[in-house]
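Would you mind keeping the following structure in view while I ask a few things?
Chains here go by letter, A, B, C and D, matching the order in which they are written, and residues are numbered from 1 within each.
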Amino acid sequence: MAVNKVYPDAVAALAGVIRDGMTIMAGGFGLCGIPTVLIEAIRASGARDLTFVSNNAGVDDGGLGVLLQSRQVRKMISSYVGENKIFAEQYLAGELEIEFNPQGTLAERIRAGGAGIPAFFTKTGVGTVIAEGKEVREFDGEKYVMERGLRAELAIIHAWKADPEGNLVYRKTARNFNPMMATAAAVTVVEVEELVPLGSFDPDHIVTPGIFVNRIVKLDSVVKRIEQRTVRKRVAA
Amino acid sequence: MAWTREQMAARAAQELKDGFYVNLGIGIPTLVANYIPEGISVQLHSENGMLGTGPFPFEGEEDADVINAGKQTVTELPSTSYVDSASSFAMVRGGHINLSILGALQVAENGDLANWMIPGKMVKGMGGAMDLVAGVKRVVVLMEHTAGGKPKLLHRCTLPLTGAGVVDMVVTDLAVFDVDRRGGGMTLLELAPWVTLAALRAVTEADFAVAPALKAA
Amino acid sequence: MAVNKVYPDAVAALAGVIRDGMTIMAGGFGLCGIPTVLIEAIRASGARDLTFVSNNAGVDDGGLGVLLQSRQVRKMISSYVGENKIFAEQYLAGELEIEFNPQGTLAERIRAGGAGIPAFFTKTGVGTVIAEGKEVREFDGEKYVMERGLRAELAIIHAWKADPEGNLVYRKTARNFNPMMATAAAVTVVEVEELVPLGSFDPDHIVTPGIFVNRIVKLDSVVKRIEQRTVRKRVAA
Amino acid sequence: MAWTREQMAARAAQELKDGFYVNLGIGIPTLVANYIPEGISVQLHSENGMLGTGPFPFEGEEDADVINAGKQTVTELPSTSYVDSASSFAMVRGGHINLSILGALQVAENGDLANWMIPGKMVKGMGGAMDLVAGVKRVVVLMEHTAGGKPKLLHRCTLPLTGAGVVDMVVTDLAVFDVDRRGGGMTLLELAPWVTLAALRAVTEADFAVAPALKAA
């Protein structure tokens, strides 16, 4: 019998891995593909002084915003933190630190961290504040800045479906940062909308192989919020 | 007579070529999708991991899992594919996106671009803008010519840069400029109707040459 | 109407892109997932002094071996070139150059080339001949060697299915080096077993988006060779 | 009495733990798959892009698109997934593979490993061996104790290295050694039946300590 990766709920899945001051990667782009229930479990844990690697910081009452509300976050490593008043308040009060990364650099740093690459060069940010204090080097006549791979002690991610081995598939743009983060943490915990039997997936369709997944929680219910509801009118026939 | 936002978008859309993969920024650039020239097919790239972004959904058909980089609900096309964020920016950084059309706070005559922060104001972050201007083959800026009456086309940007030497073309409500990001400076290509060269120079800090075709006209 | 990416045959698909002395990436691992028909078309083109980036060099009468037979190859950038007598002969006669790369380094160099990363650091090869002449640097107490991104003028790859946009899916271990090579060349030409109508793929299942594919050839017939046929006996019931 | 290849494989298999992801090299290491201890489930990694490699197919069921890193036809399991070569080696380089069991030409007492070339002979290439020894968390070498009567466990490797300071354990037909790749040297853990310490030292160039448990026995 293989190690059991399936946990009864989010609190159980995070038991023993949460501690004050730790660095956590959290998947999602805006409110799309975020690990809502795992974030709630971190709130419930009461852990403090957390550093989050996450593209965004949620909204006031959603995503990582709920951990800002409860003042559990000390630092964010993100690319964009608009849409969040609490963030602005805490930042201006000096309670919250922010390290901005260009979105593609952030994604690649996480991918590199998971792939055993401690540093790589990119054109992004050359000649900007992003390159300050970093090595800039010329390759074939172009300048590049050296960026470091990024790892975390814990990754919390959201996927569409998992099998008991931890093989994952994602749904549409809810994929975003989740697959890279799954590879870049000491422990990866995933919440899923569906848990399917082993062998249900076509092995060509699996996006995150189970090797990257330590713990799985099947969600009881799934609530997905839309940040910018944009629609077009139907033209009457 | 200054061009409208729609006219600006239509002008920028003329930079599209058949088969192009294009990233459109938030704001006026979004309008470009409405002016894709006939007979031309382009695929729109959303840096959050969608290639082949379709129009907004009909009311009631929104899918929270189908959003663009502006976090707006959009739709799939038959050509659509989804990738993770690292792969999406590999398209950008690797030079696979043909054209990026985006807004700006300032553009300098050397192609420098500033569009992500104003010192003293709360900084929201650069999102994917630095990656796009550094990685996309051709960068077209679509912006108002001035802000509060002050020129946005400058000798040197005064705001923190998004990218150094990255802009290839600027379309404003008054004019269209070519920018040689390799040090060749700016060249005025087109003027909005009734706008004189003198009037343009009065609201433009940047030096620019005038294209021969325009001089002749 | 979009640019037409579908070409009638392999010779047509390579027209105008082949020239003497060029660098070509060729997908496949052993004889699995190799672009057999595109290789034949390169043989037919008569182009000479070619450099190939390919994990292996084929067998005597298969894969890139057919271009060794015809003496069209000047240099190989590979990780393993056993199973090929012609290779050994030409190499020992000084007619063929070989640059060995560790397999994972080769894969990552190609991935980096396609992703706009000119150089990255890896632990692979530290303290070996592979690190000679390359920068070795310490990060967090471990030594790493700097490797360069790799690009080519042309990539020839094999996929299972394509749609007319050039979206690709691969079949099982025939995926191997093909997806990265698709991203790392000025022109990417793919041979496919099936050409399906636009919209046939679930967009979550596409492995190579069409942005990376310039030309598509649908194969008339598909012959797949097995290098090491290994089987087990059925136990009689 | 030296251990047989099967006994060596069975001994190496005791290094497997439940839930491990394991890469098995070509040759004797392949046999390890036949000795996975009961109650333990491991996933075998093939660096050509298959995770969860199953047994050889039944005759007539070979699929040319399902091969392992030795280019042998294999089969899928319900847990199997396929990835590209870059992703497959990201598993290796990123430290996600728990254990690699592979053959060697020489191992030195400092953990250096040589298994990819013999100067003067035609070089076939290192394949994925350098990536595996550098990236996998724990490396176990499974090899004959000597080659042509000459020791393969040396003070320093004389052949070009595959990796420097990468070996954690060596299982030969005569003995099992722990190797401290951080400079702590080699320690003899087990001896094959009837093999004396003196006999072992006679065919081992490398210095090694003897584990207390073994001394006591």
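Methods note: a residue touches a chain if its C-beta (ideal position, glycine included) is under 8 Å from a C-beta of that chain, and two chains touch if they have at least 3 such contacts.
What you see is a predicted model, and the numbers here were worked out from it, not measured in a lab.
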Point to revise | Pair exhibiting more inter-chain C-beta contacts, C-D or A-D | key: C-D
Point to revise | Centre-of-Cα separation between chain D and chain B, whole angstrom | key: 55
Exercise for review: State, to the nearest whole Å, the distance from the C-alpha centre of chain C to the C-alpha centre of chain D.
Suggested key: 28
Review point. Quick one: chain A and chain D, Cα centre-to-centre, how many Å?
Key: 36
Review point. What whole-Å value do you get for the distance between chain A and chain C if each is reduced to the mean of its CA atoms?
Key: 33
Revision key, fill the gap. Among all residues of chain D, those touching at least two other chains are 76, 82-83, 89-90, 92-93, 135
Exercise for review: Indicate the residues of chain C shared as contacts by at least two other chains.
Suggested key: 108, 111, 115-117, 122-123, 170-172, 175, 203-204, 207
Revision key, fill the gap. A full list of chain pairs that touch reads A-B, A-C, A-D, B-C, C-D
Exercise for review: In the complex, go through chain C and note every residue touching chain B.
Suggested key: 1-3, 111, 113-117, 163, 165, 167, 183-184, 198-199, 201, 203-204, 206, 209-212
Check your understanding: Touching chain D in the complex: which residues of chain C?
Key -> 29-33, 55, 78-82, 88, 91-92, 98, 100, 102-105, 107-108, 110-111, 122-130, 170-180, 207, 224-234
Review point. Hey, which residues of chain D end up touching chain A in the complex?
Key: 18-19, 21, 39, 41, 43, 45, 51-52, 76, 78-83, 89-97, 135
**Study point:** Touch list for chain D against partner chain C, complex
**Key:** 46-50, 55-67, 70-74, 76, 82-86, 88-90, 92-93, 112, 122-131, 134-135, 160-165
Point to revise | Contact footprint of chain C on chain A as seen in their complex | key: 108, 112, 115-123, 137, 139-140, 142, 144, 148, 169-172, 175, 203-205, 207
